Structure formats: structure tokens, C-alpha cells
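The letters A, B, C and D name the chains in turn, as written, and every chain counts its residues from 1.
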Amino acid sequence: MSQTVNDLMHGILPEHLGPVQIPALVPYVALAGIIGFILAIVPGLIWIERVVIALMQDRSGPNRVGPRGLLQTMADGVKLFFKEEIMPRSVDVKIYYLAPIIAMIPALAGGGTLPLQVLHFRSDATGAIFTRPLMVGDVNIGLLYILALSSLQVYGVVLAGWASNNKYSLLGGLRASAQLISYELAMGLSILCVVMLAGSLRLNEIVAKQNVLPFAGAPEILRGSVFSWFWLQSGIIPFIIYTIAMIAETNRAPFDLPEAESELIAGFHTEYSSMKFAMFFMGEYASMLTVCGLNAALFWGGSLPPFNIPVLAMIPGVVWFIIKVMAGIVFYVWLRATLPRLRYDALMNLGWKRLLPLGLVWMFVMAVWSGLVLHPDNKASAATSVQLENVDLPFVPANTYKEIEDPKPVVPNQKVLPSAGGTGGGPAGGGRPAPQPATGGAGASNPQAPGRGGAQPQANPTTGGSPATEGQSPSSFGSASGASGAGVAPMPVTAPSGIPGSPGGQRTRLNQQNQKTESTGENGSDH
Amino acid sequence: MVPTSYYLVLAGILFTIGVLGVLVKRNPIVIFMCIELMLNAANLTFVALGKHFGQVNGQMYVIFALAVAAAEVSVGLGIIVAIFRSKETINIDEVNLMKF
Amino acid sequence: MPSYAWLIVWLPLLGFVHNASAGYLYKSLATRKKAVSYVAPGVVLLAFAATLYVLTKEVLTSPDHRAIVSLIPGLSPETPWMSVGGFKASFGLLLDPLSMLMAMIVTGIGGLIHIYATGYMAEDREQPRFFTYFNLFIFMMLLLVLGSNFLLMFVGWEGVGSCSYLLISFWYTDSNNAKAGNKAFIVNRVGDLGFALGMMAIWSTFGTLSFFADHGAGVMQLAAKHVDVLGHPLAPIMITGICVCLFIGAMGKSAQIPLWVWLPDAMAGPTPVSALIHAATMVTAGVVMVTRCSWLFVQSPQALQLVGWIGIATAFVGATIGLVQNDIKRVLAFSTVSQLGYMFLACGVGNFTAGMFHVLTHACFKALLFLGSGAVIHSMLGEQDMRKMGGLRKLIPRTWAVMFVGTYAIAGFPGGAGFFSKDEILGAASGSPWGNGLLLYILGLLTAFMTAFYMNRLMHKTFYTDPRYTNGELHAHHHSNFTPEEEAELDGHGAAVATHHGHGEADHADHGIDTATDHGHGHAGGSVHESPPSMMFPLYVLAILSVVTGIVLGPTHIFEKFLEPSVAKMSLGPLSAGTPMFPETIGWIISAVVAIAGLAFASVIYTKVRVTGEALSENYKTKNAIFRFLMEKWYFDKVYNYVFITLGGKFADKVLWRYVDVKLVDGTFNSLAELVGSVSNSLRKLQTGYVRNYALAIMFGVVALLVGLLAQWNVLSGH
Amino acid sequence: MPTASLVTFFILATIAVISAIMVVANVNPVRSALSLVVTFLTVAALYITLEAQFIAAVQIIVYAGAIMVLFLFVIMLLNLSAPGAIKEKGKLQPRVALALSGVFILVLSPLFTLPGDPRAAQNLGTVRTIGLFLYNPTLPWLFPFEVTSILLLVAVIGAIVMAKRRI
């Protein structure tokens, strides 16, 4: 996959530095970076917030402690640290202590899959440049992971409200969790629009999908530019929904009813003092960071510079990522300074009756848009008749489909056939060749996609024995063969000869289609 | 590689604990939880066997099981709330109108 | 050529219908009674004429004197009036000497009795009803004798039984009559059961019930060939069984030893009834049936012995009881029982024709005696007790004359009808094919002697001894059952109706029907007088008959030849025909001597006690064991009462009802219900209402299921 | 030497079993709810070891994230957690239940051994595979997927009807 200008500009790192194989270190470096960044930046955030709000309200923020009040948050921290631990009497002790921890953990963990940057390495052996995303875990369900963790934050709030055994805190806790749950939905839908565009849940994949030309004939300078980022590609609506949901998720600014001083004294963390109270704050700010990070990754092109010009490309992706995150934070503070608090029912109404319907409609629109416009040729894949041949799918037992066609008596384990060497040996009836054990793809080296038949473009289109048959005969088509990418693999694999409308034929068409989609992403599209 | 039967044993244990909970506890909410536990054990078995036979069908079942479980819990808890509101107690030993 | 046999049977039925609907046909009672009194006897006499015509024209001309014609003119004799599966019963009439003989007796003597009855029942208000039953009886009797198959005979058999019941309890207002009627009917039914069983046995072996059928399929023809319907040889035990059952039927109907108790009580009915039914026709039905089935009886020696012994026993017992009776009709009743015994003795020793000859002669003189006694009673205004009679010879000389002829006929005085027929029977008995002929002969002679004695005793008590009544003392025993208006109307007409003369004013206080006593006479007091000619005429005819039949048919053996085709020969069976111990003339002499001795003995005794008319003193009667034994009719009634009524009753109550019905039948069902109740009750406890128990139950189920599956799985996969 | 996966399996297994027992053993429903959440998370981790990434994520979102929150809501709203309020009346039920579950385990034991060796398969549980399988019209999964949506609709309506005071 051709490297974009800004990728190369980041400089190419050697694969081996002495005994250490650098790519393997990447996740750990990312982990340390994320944790350190979040924990270190939080006091700064607090400071930024107080200063920005002060400036907006035409007053000068903290300026007593340290130059322009920079050490003010430090002082607060120390204060909180030494504050007396007050714990109400009939409190459920275990849960009381557990709540702040639970509030903290998901926020921190959320950062795990944020795509900081894409590093380029030159492999010592072949000298070919391969990329490694600088992120803690490049799991194929990155986005889902973050969603899951954000849904766990509810516990911190609910348990805090419950454990402090105080009516107001209980009410505050319940309200906060209700708010979290309902806005989680809205956030999910907006993310869904993006995913439809990106076609994958890997965040670096999504960022890579934004590193394209905004429209067909766009000048090269615009590759990966602001205009090609998803906030515009997906129509601004998902971004707006996401931002609102983002703010509601972290109980900030207009939606900070549950912990609003005027209403419920401090909501769920009234009974908490000193360090536990600080933990809540840390948790809140960490989740703000995570959510802004996600916002940046999804809508603002993650580690991509605004324009594809060498000057901007010089600056490493991580910096761009941090800039976008801090922009989000400033946005938070801006909102906090300006917007009044939403009443609880208005908040709920906005969540359920405005954002959710809008999100649903927009998702439908995106579906149609991406199906017809963005990927016109894989109309076939638009959930009508997906060719499963080229997808290295897990082996599907022959008799699954046979049952559909002609419910012959199913003989269990009939499929256990020597499947070594080639996909052809499918059982007589089913034409379901046993899956290729991991050796399928030549390029199995890629750790994330073990055994994935190499998406290397160079797979020859006509490996299938039989000529490319235009129309797939539905009957044979049923054979979602587990050809598992072998077809794609360069090995001279002949399609199962005896099977009418052998998958080989379809493979070729899918192949081309794959190439087209792969051309954009730098590594295999199937995850 | 962890042999699949380990997973099955674990699922069996979880299921049994779930059954025990259902039979022993008297608070319907805890009973519901135990039922969820049983469902979870079942899902675990599905996935483990799916992996063992290399089929994705196992996981398909789990998806639907999840949906059903969610539906079941919502209606179940709805019923419990209704019972609580009408009889002020949800100790299922007191809810025995169907006694002979 | 069309046969007129059906006329014989249909005429009495016509009479029955007319008499029954007399109420609608004639408005006033008088005209109704007049019409009935003409139609009833007329119909029977016409039937008699038809019988004569059929006998001469059809029977004697048809091959071996046998013809089967249809009861209903249009139909063929074989058309079944009832066909169930393989069983068919047809409407055939069997015309052969035996049935013609009986038809002549029934219609002839019956006709005479009808004429007599018109006189006898003149004053009775219920006369039309009487004659309805009378004609119905004739119809049923004719069916019995003429029926071509057992079933038709059985219809007649039952019809006759019911008519006898109706007629015995004619004056039903008096409960004794009703009880007597009941007794007769029930005892007959017991006999009929035997008959029915016999019929069923016959059907099961011979496959048909008709006596004679074309191409030899009749019961008698098969029996003659010793083969049953399937062609297998007849089992002797089966034949004996059939004969015994049939004989039980005969015993019931003809009042033989175990089942004779109803005949003496049957005298409660009007005298013509006793004459017709309990002397001439019905009681002889048993003998007719036995003779008809002679083909069967002949083949089973045991049955013949049974018939013989029962016959002689009944004869002897009847005669002994007859000696001590005071009621004139009871004496005659017991004499009938005894004479019937003679007839069955004859059949028992195989000489069926002798039996039938005695039936004929007995019908004549017994009817004569009964009617005579009826005349006596009529003239004595209903008095039946001989101790209150006496000296009637001069008052009613014609009745006496007729009675005299009857007595000498029955006693067996040489020349009388009885002499010839009884002598033939005694001769046959002496040579009985199954041995001990001498004993039978001696018993027979003894019975003959006793018969002669009690008949003469009767004559003396009623006619020769001094009158034991005073004119004034005579009072009618019967309250008239006329309603007051009819009474007035009758008085108004004076003697229009009655062939009666001189009847006094009814001076009874109550006239209501319910207080009427047994007899219908309306007058009281008045002197003893002769009976009206309508009653006397039949007496004269019968007197002539009871003499003529004996002389004409006796010595000349015409009767045997006449009856020969319809009676089986002894040679058919294992026994050979017996020959009398001594020639006929010696037999005659002996029996004549015995008869004369009996008569003389009686007259000697009773001329001595001419005044009191009592041979034995009162206290002697009460003390003497034998006398009391005889008076109690050998304690038959007492024994039956005790055994069946008391014991039977207790058994029914204690065992059948309390145990079987209540405990067994009801018990089972009730306990079943309780079982269901208790089971469901215990099951009910399962619904504890606790959700957790149900969960536990489910768990049990799951575990059981799994164990079951695994057990099977292991077995299947052979682990 | 036990491999890494075995170690992780045993750690996760012990956590799951202990928290499951805690669910039953705890008197306070909130505590048992929390231990149930822990069980769900460990099971999710187990899914990941079984290469069912999508299911793991969904498990966390649906079970831990939604259902358990619902439980906590109901417990807290109805303030049901009066500890010790509900005493065990008869002693029989628990004993019988224990015996039964013992028998149950015994009965299940033969089922745990599986014939044949596990079959290798790539990206068994990735989102893409599941997506392709779920929405492929020829496979038997599309229809149930649509029907489940109706099921959820019914459940929502049911819950509302049950819990609402005035319908």
C-alpha cells in the first residue's frame, strides 16, 4: 500500500536496535505514554479550566501559587491529600471505598486503543518498510472496547450514590447513571456512522481511512487533510451527536446536574472527602481525556496533520493527536463557562427524543450513502450475497448449508477430512474444503492477523481453476467455503475442480474488489 | 492450548452454582442473578464448543442468548417491581397465592 | 287345494275379538250378554264343524295322514314370522290324527262347555269378560295342539297358561281367587321354563323347531333317523336331557307330582272353567306334548322310566287325597290329578295311544262330572261343601242321572268309557318295557279301587244321604256383582234374560261390587231346583259320549289305528315294546272286579251313615295321623311354603340382597370413587405454592432426564 | 510447565468461581450483584481466550454494562437490600438443593470429555466474521436476528407495562 507523504516524513525507524526488536516494544511505550500523559495532564487540565473560565468571565484565574497560578492545582492536590478522611456512620464500607476506584479504572483503561501514531520501520532482512501503529493494543474491536469501558463507568457513580447511604447522593447517583446510559446510546449511534464509513473497528484503521483524498479529483495536498476527515465525510451530524453525548457521558458542563452544587449538594460524591474525592475528579478528567481522544481519532483524523504538506508532516502524529485532544478539552471548558445547566427532564428529552432519532436517521442515511456512493462495486456485498470465499473465514461445517438445501441425515464429523494442501478436497457433497491450517497465507507474519491469507495485492486474480464465472450460481454459492484466503494466497492452488461454479471463479471477482478496498488501507482489510 | 473440556468443566461449575442459587435464595432478584449466571455458563459452553469445532455458529447462538437474556431480565424485574408494589415484600415464600 | 284349517283357529279368535269389544258394540248390558252368549258357543261349534271337515277332507286324504298348512291363508307355511340368524319360526299348522283328535276334543267338548257356561254365568255381570277369556283360551289351546313347530306350540302353551290364570281369578274381587290364579300361573311358569330349556336344546341339536319339515329336516324325522342337524349320531345323554326338560314342562302344565299344587286351588274359578281347562283340555296339553315328542321319548329309556314313575306316583297320591276331600269340586280336582297320572303312566310304559285314549275318555266323563257338580252347586245356590248337601236325588233327578253315568264311567265300571281306557293303560303298565310291571299294575289297580271309592262317596254324600240342609238355611254364597241400577233394570225385565225361573228378591244389604263373594248368583234362599235346559243339554250329550266312546273305540282298537301315524313305535328306541302280562279279557275281568268292589265298599259305608253322611267321627279325623296327612295334601303345600317362601325369602334377603348387591356390586363402585378421591387429595398436596419447591421439582426432572440420556448414550456408544 | 494460556485460564476460572459463589453466599443483594459483575467480566476475559473478541465486548456492554445496572437500579429503587430480613424457614430445601447439584455435576461429568481434537480456525470471533455470517441471507442467522428485534420490542413494552403504575 503506497505510503503517504506524511507517513514517510515521520522518519523510518530501524527494526532492530541492538538486541531489542523495536516493533515489539511499541505497545509498552504507548502504554507508558498514555498513562503518564493522562495522570500528568490532569492537574494541568484543572488549571487550564480555571484559567480559561476566568478569562472568559473577564477575570484572571488563579495567580497566587506559582507563575500564573500553575502550581495552584498542585496545592489543591496537597490539600486534598491531607484533608481528614470523613466517613459517614452507616456506610457500606467496602463499596464506599470501591466506588472511586471503579470510577477511575475505566477512564484510564479507555485510552488503551487510542491510535497515537503510525510508526514506520525498515525491516532489517528485506529492507521493506512496514508500519506499526503506536497504540497500546491494536485489537480488532478497539472501538467496542472503549464503548464497553465507558458503560462500566456507570458502576462508579451508582455505587458511590448507594454506598454513602444518603438520600441525596442516592438520587444523584441514580440520575447520573440514567444520564450515562441514555447518552451511551446516542454515542453508539454516532460511532456507528463512522464505522460504516471506515468499515472496521480498529481505530488505526479508521484513522488510516481518513488519510485519503476527500473527493475523487482532490489535489494531493488534501490527502489526509481536514476535509477528508470523517467529521466532514460523514456529514457533520454524527460529530455533533458525539460531542454532545461525550459531554453528557462525563457529567460535564451543561449536563452536570447530578453533581451540581445547587441541586444535590454534590450529587453522588457528597460524602466523599480528601483523596477519594480527588480520585473522582481524576476519574472524571481521565474519562474527559479518553472521550476527547476518541473524538479526535474518529472525527479529526487522529494523528494526521491538517494538510498533507511536508512542514506539517514533520511534526510527529502524537503531537497532532495531543493538539486535537487539548482542543476538545478547551471546548469542554468553554461550554462549562457559557452554557447554563440543563434541567434533568430536558436533559433526558434531549438524549432520548432528539439525539437518538437523529442518530438513527443519520445512520440510515450513512448506510445508503456508503453502500451506493462510497463502495458502489461491492453492491454485491451490501448484505445481498456476500461472497465468503476470499474471506479467511473459520471453517463452516459442510452440512450447515446442506441442511438448508436438502435435509439429508446429518452425519456428525463428516467434515474431518485430510484438508492439507489445498482447498479442493471438500467432502463430496458439501464442497466445503477444510480450512487451511494457519499456513494458508504466505504473509502470515503479520501478528495481528495470524493466519490471515495475505492480502498482498499481488495475488493473481485468476488462481481459480475455472474461468471467472460472472454470475454465481446460487446453489454452489451457498458453499461459504472456508477456502480461507488460500485462493488469495499466491500458492498455485487450484479451485476444487469437481465443484460446479467453483468458488475459484467468485474468488477472482472478490479479489479485485478486495484490492480496491485494500489499496487504501496499507494492510489487509480483513480483520 | 487450553483443552476445551476445562472450559466445559468451568461452565458446569458455574451452572451448578447458578442452580444452587436459584434453589436456595429467597430474594427473587438474587434468583434472577443466578439465572443470569446459568445463562452465562451456557454461553461459555457455546463459545468453547464453537472454538473446539472451529465454527462461528457457537458465537451466533451466544448473541441471540444475550438478547433473550436482556429481554428476560427487563420483564422479570418489571414483574418484581409490580409484585413489590402490590405486596410490599418480595420474599418469594410469602408470594404463595397459588397454594393448594 | 286351499286348506280350511286356518278357519279352526281363526274362528275362536274372531269370537274373542267380538266378545272383547262387546262393550262398544252393544249399549245395554242385557243385549250385550245375550249377543255374547250366542256368539261365543257358536264360534266354537263352527270351529268343531271345521275340524270335522278338515279331518275328513284333508288329513285322512293326505299322505300318511300328515299335512302342514299355513296359519295365515295367503302365506306358505314356511314363511317365517320370526327369523333371527339361522333360527326361523313359521306359521305352520300341523294336521295329523293327534292334532285333529285334540282339536275335536277342544272344540267339541269346549263348545258344549260354552253352551253350559251361558246358562251358568247368566246372572253374572261380567259374563262378556268371561266369554272373552273363554274364547281366547280355545284359540290358544288350538294353537297349542295344531302348531307345526315347538315355538308355535309354546305360544299356545303360554297363552293357555295366562288364560287359565285369568279365568281362575275371574272373580278377582275375592283375594283368595286372585292368589289361586297367581299360584297356578307361577307354578305353570316353572314348568314352562323346563319346556323352554327343552326347546333350546332341541334347536341346538336338531337345528330346527318344526316337528315335520319337507325333505326330512323336521325334529321328529331327524330323531327317527337318530341323527342331528350336522349328521352326527345323536348323543343319548342329549336326548334324555331334552326329554326330561320337556317332561318338566308337561309336569307343570298337567299338574304332575312336584308341580301339581296349583290344580286343587284352581277350583276357585267358575265351574265351567274347571271343567274346560282343568279337566278336559289344558291339563292334557302335557300328555299331548309328550305323545307328539314320542319319537324323542322312545329313544331314552331313562326319560320313559321318569314319566312312568311320576305318573303312577301322582295317580296314587291324587287318589289318596281325593278320599278325604269335602268340597265337591276338590274331589273332582284330585281325581283329575290322579287320572292324569294314569295318562303319563301310559306314556311312560310306551303305550302313547292308550294315554291319548284315556285323555279322550277322561275329557268326556270328567267334563260331565264337573258340569254336573256345577249344576249341583248351581241348584244349591253356590254351596260346594258336600257336608251340607245330601238327598238331592229326588230334588234334581236329571243331574243325578247324569252324574251317575259319569261316576260309573270314571270308576271303570264295565261298559263305561273309563273301564276300557284305564284297563288298556293297566295292561300296558303290567308289561312295562323297563321292568317292574307287576308293581305298576298293582298300584294302578289300587288307585282304580280308590277312584271308584271316592267317586261313589261323592255320589252318596250329595245324592243318597239325608239332606243336611234346611230349606231356609240355604243362602247364596255369592253377592251379585250388579250395580244397583243394573239390579233394578234386571228386576224390571223379570225373567227375560235368565233361562232361570223363580229367583227371589235380592235382600242383601250391600250391593257394591267389592263385597261380592265368589259366586255371581243374585238370589238367596229359595228351594233346590233343577238347572235350566241350557245347562242340562250339554250334560246329556256328555253322558252319552262318556259311554259311547268307551264301547266304540275301546275293544275295536280303532283308536290305535287312527292315531298310529302320529305316534312313534317303541322299536325306534333301545327298548322293545312291552307285552301285557295277561290277555286283554283277563285284564278286563280284574279291573271290573276292582271297580265294582270300590263302588260297593263306598255304598256300604255310606248307606250305614245315611243320616250324618260322615264315615268317620270328627275326633277320629283330627287325631288320626294318616287322615290329617291326607287332609294336608301330603304336606306338599306346607313344604313348598316353608322351602320357597320362608327359606327362599331369607336367602334372598340375607345373601342376595345384603351381601351380593350391597357389598359386592355397590361396594366395588363406591370404593372406586373413594380411591379416586383419596389419590387426588394426596396429589393436591404437591402444589405447595412455593416457587422454590417447583424449582426443585424441575431440577429433579432435569437430573433424571440427564441420567436417562446418559445411560442411553453410554449404552449406545458402548463406552 | 503450564503454558501461559493455562495459567490465565486457571486464574480467570478461580476468580469466576469464587465470585459466582459470592453471588449466592452474599446476604446483601448489592454485594452479590457486584460479585456477579465480576463474574461477567471474568467470563468476558475467558471469551477472549477463546478467540471470541466480539462476544467478549458485547458481553461486557450488555451484561455488565446494562443488565447489572438494571439490577442495581431495581435493588436501590426498591430498597430491597434489608439484610437478613429474609430468614430461611425450612432447613430441607438447601440440603436437597446441594445434593441435587452434586448429582447434577456427577451426571454431567462424562459430557466434559470431547471426542476428537480441537480444530484450528482463524479469526473465529472477529467482528468481520460475525458480521458476514450474521447478515448473509443464505445462512440461517438473518431471520432469527430480525425476530430478536421483535422480541426486544416486546420485552420493552412488557417491562413498561409491568412497572408503570398507571398504564
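Quick notes
The criterion applied here is as follows: a contact is a pair of C-beta atoms (placed from the backbone, for glycine too) under 8 Å apart; a residue touches a chain by one contact, two chains touch by 3 or more.
Given the structure is predicted, the values throughout are model-derived calculations rather than measurements.
The central chain of the assembly on a C-alpha centroid basis is B.
More contacting C-beta pairs link the chains of A-D than the other of the two pairs A-D and B-C. Taking each chain's centre as the mean of its C-alpha atoms, chain A lies 25 Å from chain D.
With each centre defined as the average position of its C-alpha atoms, the distance from chain B to chain C rounds to 95 Å. Once the centre of each chain is set as its mean CA position, chain B and chain D turn out to be 6 Å apart.
Averaging Cα coordinates per chain places chain A and chain C 122 Å apart.
In chain B, the residues that reach two or more other chains under the touch definition are 19, 23, 26, 53-56, 93.
Among all residues of chain C, those that touch two or more other chains are 692, 696, 699. Residues of chain D in contact with at least two other chains: 54, 58, 66, 77, 93, 96-97, 100-101, 104, 108, 111, 119-121, 124, 129, 133. Here chain D touches chain C in the complex through residues 93, 96-97, 100-101, 103-104, 107-108, 110-111, going by the rule given at the top. Those residues of chain C that touch chain B in the complex are listed here as 684-692, 695-696, 699. Those residues of chain B that touch chain C in the shared complex are 19, 22-23, 26, 92-93, 95-100.
Residue ranges on chain D touching chain B, taken from their complex, read 3, 5-6, 9, 13, 16-17, 20-21, 23-24, 29, 32-33, 36, 39-40, 43, 46-47, 49-52, 54-55, 58-59, 62-63, 66-67, 70-71, 74-75, 77-78, 80, 85-86, 88-89, 93-94, 96-98, 100-101, 104-105, 108, 111-114, 118-121, 124-125, 129-130, 133-134, 141, 144-145, 148, 151-152, 154-156, 158-163, 165. The touching residues of chain A, counted against chain D in their complex, run 92, 94-95, 98, 139-141, 144-145, 147-149, 151-152, 154-155, 158-159, 161-162, 170, 173-174, 177, 181, 184, 200-201, 383-386, 388, 391-395, 400-401, 404, 413, 416, 435, 437-438, 440, 449-452, 474, 477-478, 480, 484, 526-527.
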